[in-house]
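Below, subunit A partners subunit B and then partners subunit C, in two separate complexes.
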Partner chain A sequence: MNQDNSRIILAHGNGGKLQADLLANWIFPEWGGVVLPADRDSQIMPWSSSQLVMSTDSFVVDPLFFPGGDIGHLAVCGTTNDLAMSGAEPRFLMCSFILEEGLPLNDLRRVARSIGQVARELKLQIVGGDLKVVERGKGDGMFINTSGVGCLRGGKTPGPERLRPGQRVLVSGDLGRHGLVVLLSREGIQFTSELQSDCAPLWPAVRALQDAAIDLKCLRDLTRGGLATALHELAQSSGQSFLIHENHLPLLEPARGACEVLGIEAVYLASEGTMLVVVDEEDVAPTLEILRARSGHQLACEIGQVVSTNPDLGPETRLQAEWGAPRRLGPLLYEALPRIC
Partner chain B sequence: MNQDNSRIILAHGNGGKLQADLLANWIFPEWGGVVLPADRDSQIMPWSSSQLVMSTDSFVVDPLFFPGGDIGHLAVCGTTNDLAMSGAEPRFLMCSFILEEGLPLNDLRRVARSIGQVARELKLQIVGGDLKVVERGKGDGMFINTSGVGCLRGGKTPGPERLRPGQRVLVSGDLGRHGLVVLLSREGIQFTSELQSDCAPLWPAVRALQDAAIDLKCLRDLTRGGLATALHELAQSSGQSFLIHENHLPLLEPARGACEVLGIEAVYLASEGTMLVVVDEEDVAPTLEILRARSGHQLACEIGQVVSTNPDLGPETRLQAEWGAPRRLGPLLYEALPRIC
Partner chain C sequence: MKFVTEFRDRELVEREAKRIHQVVTRPWRIMEVCGGQTHALLRYGLVSLLPEQVKLIHGPGCPVCVTPIEVLDCAVALAEQQGAILCSFGDMLKIPASNGNLFQCRARGGDVRVVDSPLEALSLAQQNPHREVVFLAVGFETTAPAHALAVLQARELGLSNFSLLVSHYLVPPALRLILSNPKAQVDGFLAAGHVCTVMGAEEYRPIVEEFQVPIVVTGFEPVDLMQGIRMVVEQLEAGRAELENQYVRSVATQGNPTARAAIAQVFEPIKQNWRGLGSYDESGLGLRADFAHFDARKKFNLNLVPAAANSCLGGDIMMGIKKPWDCEKFGNECSPDHPLGAPMVSAEGACAAYFKYEMTEKPT
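On to the complex of A and B.
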């Protein structure tokens, strides 16, 4: 059969010999030390905890490669970050590809390499996966689904049900870089070379905070919809409200500039390595000290607090500018920026 | 905003208010009794076993709806069947959608309904999910990923490492219907109205066999690549060989006719509710009795046996026709039929 053997063909998706060869030659070598043999339909793993923490995400980011990361890096970070937000140590990952016919095999290998690197960094095991191929024009290069299982660790589990007025709201780093970088890459805008996606695993920072016995009341990563949407969801599920100080929000100078030029509100931009951390007042200083000592979290700071809800207004998030009355922040409504993750 | 509000738009994928409304109005009502609230990034579930069984699959079947099932039904069956093949009871499911802009919301609801029905039938809990939207022309209506966690049950775990010469190879029903039905639907061929996909959950049958204390040596569902590919993989991972009798293979008459007319070998066609069951000789009769008493498994039968491997040839599967020497069956090579699951 005469064909370009540097690209994905439909037969790679058939579950037969060509798929087995593709996995053996292009994917599994990049997953050395973290992938388990795939000689059964499902994988059996030992488990010693009385609870499971589970999360799943599909990734359709466009472009596949962007400054600071790629779809594979993003997928492992996104799914393990969701586990970390429950205070769970990520343990097992399953990884499933939907490839478009014609995808360069080298792109697949680069992405597999990123997945392997983050998995090794987090001591994850890749215990299962799947690979499908769709015809040219029926997909967009590569979509990835990652599903993770984690193990609860630390004291009380962080969650919206533990939010109370008076608690302090912190962010673990500067905001909005991932969303901006994807937007600028996609549009081919050469804005500045300094701006890179913040995409990174959050579990090491959460673990460090647990090790210091910080009582983490609530954690939330700031992905799709950004800070505003995360706070809106937390308000809805907890019944509490938030007051956030706009001039406390940490933004890198080039990000602030890009937002101004493009007319984008940073509170709606996605981060992929930045989380909201809610703690009691006395835990603010040690939390910030631990975070700022870690790469990627130097700009961690307090941005506001949990406040009691006005029964007439219901749970809400208010953003206080330097002057004037605070304005109410809604969740993201219409899509400014599709496919950022 | 002026738009057709019966279809998926990009903003449904933004993780904001429109997505929340879509889930609340079009998906969660169909998952009543099986879906858990989604107010955190990851779900925490109780677990009482010392092992986890995990599986993940992405589904890209074309068309989305076919005689006997749809992509949602197929997804839950496919993932829970993989768990059942390890003798595990499916417990938790995560379900992630990649939708193409313009998909009719009614199609999404029909698929969600199928997922809810199978989940209820299996007493599964849907503990997490995700939903992304890609632009028109960058997907194909709907792709679904399902990931499942199950709990080992029964005595020894079935697996290729338990295969030994002399054991008997059974199939739990007739072969190839799913693959044929998808092919015929896609090509718009009106072959016969009798042919429906065999897509169905296999866990109830596996559980019935466990309850009867049948020692299940090995189980494998016959999806992509069909019987021939499943046997090839089992031979490779076990080092054992198989001898299969072609005239024992159960095929419905219209399926046999369609294969002849279309020039397709039934052993490479996918089934989605039929499994290979390997047992000792003395367990053949009770296994077939239990299977045949169940809907969908009336044509269960013995098709061959595990045989010792010729060291010169290596592990192989041979297909014995009514006369002549047996021929060697390879795995599926080039794709005859993409996107059957």
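On to the complex of A and C.
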């Protein structure tokens, strides 16, 4: 009898022999070099830091593979970036898969490989996870959930409560590439082959800034909803306002062109390897110098500042174009793109 | 960026604005026909550069705004009761129909898909031979050629499970309608550059002559818009009424002959119902009898049941009789995250644009 052994079947999720083989043959080898602790139902980990930081995120991106990354890459970057935005060093990761019956095993291996690569780069321990299989038609190939634990390294913790008028708003790179790449690959629109997702871990850049004793007032990754939504949320939680200069926003030329053609505003597009950095004026130059020296952050620049809130209007973000009055930027309302992360 | 930044050049925009200030001697009301122009005028703050005497009226050129609720009700019925795959451009999904919008229809189990092109709907029909695929074909002369091509291709492929729910509109009849309404008081028009890219500009000449009104075919970038306004104001101040073309880089006299031929082959002018404005002879496009089997209304025997009228002032706003801020619900009960009427739904609708750019109160 012919057997197709190249795809996920329901029995891979039953917790028995097939599942153990799947993990042992298709996933764990790709995580080689990543420390996997003893097999048990829950993990016991060494902990000495006084403050622990946790974050979790689920990933349902369609398509699973896109120029510049894949769902696995995204799943590690997304969660560890959230830890890094609190100034925390990512230490441990839990990684759970929900697979759809019929998924090619090679796709699973590619995704596992991406996860392993980022984990090694970050010296991140994958301490556990889960794997379930759902019937064909009940999933979308693969969903991943990751939960991360990190520790604070000392120094002041960045956060919206530390925002004050006069502080400078920087971005660590060009905007909107991930959102655009996913949209273009899903819709099969090909503008140019050079546009790749910016998906990347942000912790190395944050650590470099911490090592240089930059006082990071606030960090925020620019994921779903993009820059506009991130600023809106920060304004709401801090009570401060922002003034951003439209012609300072870094965008790659193909991205700018794609936005024009599709009628999308780049400030609403997601990035997965670009963050907002708020610092005092005197820290702008060293911050940009450190960021620009790093791969993926060469286009880091100052885009605006924190300003005091007009009590009649409440906390808000305004975008100053080359002329005219600055216009208000609201949060993303309807997703232009069905699922991007 | 080539062919974009040049048309956003601040100096050129200011030079045009200065010229308008120099020539204007009395109040003029100028209508930009297309919602895309409305959006650009507000986005780039162009209105604030104009002299007080020049008032812009935001016209009916937003397909989302003029499509009647009953068409959306049909779309919902096709997805929910007929089990069809209902394909639509994204913007249409947000418009409230009688029983929620198409997003809510999808959440209830209706198979509603967002597509970027009618050809994508055609591929869906090929991939799903046992299901009916209906494309919600709305728009003006700009979207009509692609819709016509989809029908022609479907015929060539012999597809019997593909059809269009058509709600197509024509711009020239809308201008006649506005000019015939004594309350509307429009002195000149910026015609929509992309519509004329397809159709050419000549069909506006009879309107210019009959109503003695200047019409300038205008593009969508700040320099285009400012130049178009300047050309209309110059005509008005000189007592001229002519058809002029600002958008020469895109609009040829005869338009796009291939696109026009496709439209003419597949569609014919019909009496059309404009949301908020009423029904008018030959103001829209319907499928010709030869293509009746691609007409979802005939295929599924759909009756357009007039939906209960709501209190939206959209019709008066699109005629230039009222401004969004004249509506008591504007910005209160009615906002982009909770639209009560079509002009608040589409990003190009006048109300959504006024809300986004905070023009929520009448300037004092």
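In this section, the second predicted complex is superposed on the first by the 334 of 341 C-alpha atoms of A that agree within 3 Å, B and C clash if a C-alpha of one lies under 4 Å from a C-alpha of the other, contacts with A are read in each partner's own complex, and residues count from 1 in each chain.
Everything that follows uses one rule, which is that contacts are C-beta pairs under 8 Å (C-beta built on N, C-alpha and C of every residue); 3 or more make two chains touch, one makes a residue touch a chain.
These numbers come from a predicted model, not from an experiment.
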| item | value |
| --- | --- |
| Which superposed partner A:Gln196 touches (first subunit B, second subunit C, both, neither) | neither |
| Which superposed partner A:Glu322 touches (first subunit B, second subunit C, both, neither) | second |
| Touched partner set for A:Gly330, first subunit B, second subunit C, both or neither | both |
| Subunit B versus subunit C as contact partner of A:Ser49, first or second or both or neither | first |
| Partner chain in contact with A:Glu260 - subunit B first, subunit C second, else both or neither | second |
| Touched partner set for A:Asn145, first subunit B, second subunit C, both or neither | first |
| Of subunit B and subunit C, the chain that contacts the larger number of subunit A residues | B |
| Which of subunit B and subunit C A:Ser96 touches, first, second, both or neither | first |
| Which of subunit B and subunit C A:Thr309 touches, first, second, both or neither | neither |
| First (subunit B), second (subunit C), both or neither touched by A:Gln117 | neither |
| Overlap of subunit C and subunit B interfaces on subunit A (superposed complexes) | 330, 333-334, 338 |
| Subunit B - residues contacting subunit A, complex | 1, 9-11, 13-18, 20, 39-60, 62, 81-83, 85-86, 88, 92, 94-98, 127-135, 137-140, 143, 145, 147-150, 152, 157, 159-160, 220-221, 223-225, 229, 233, 236-237, 330-335, 337-339 |
| For the subunit C and subunit A complex, residues of the former touching the latter | 1, 4, 8, 10, 13-14, 43-46, 48-49, 90, 94, 114, 116, 336-337, 356-358 |
| Touching residues (chain side subunit A, partner subunit C) in the complex | 187, 189, 253, 256-257, 260, 321-325, 327-328, 330, 333-334, 336, 338 |
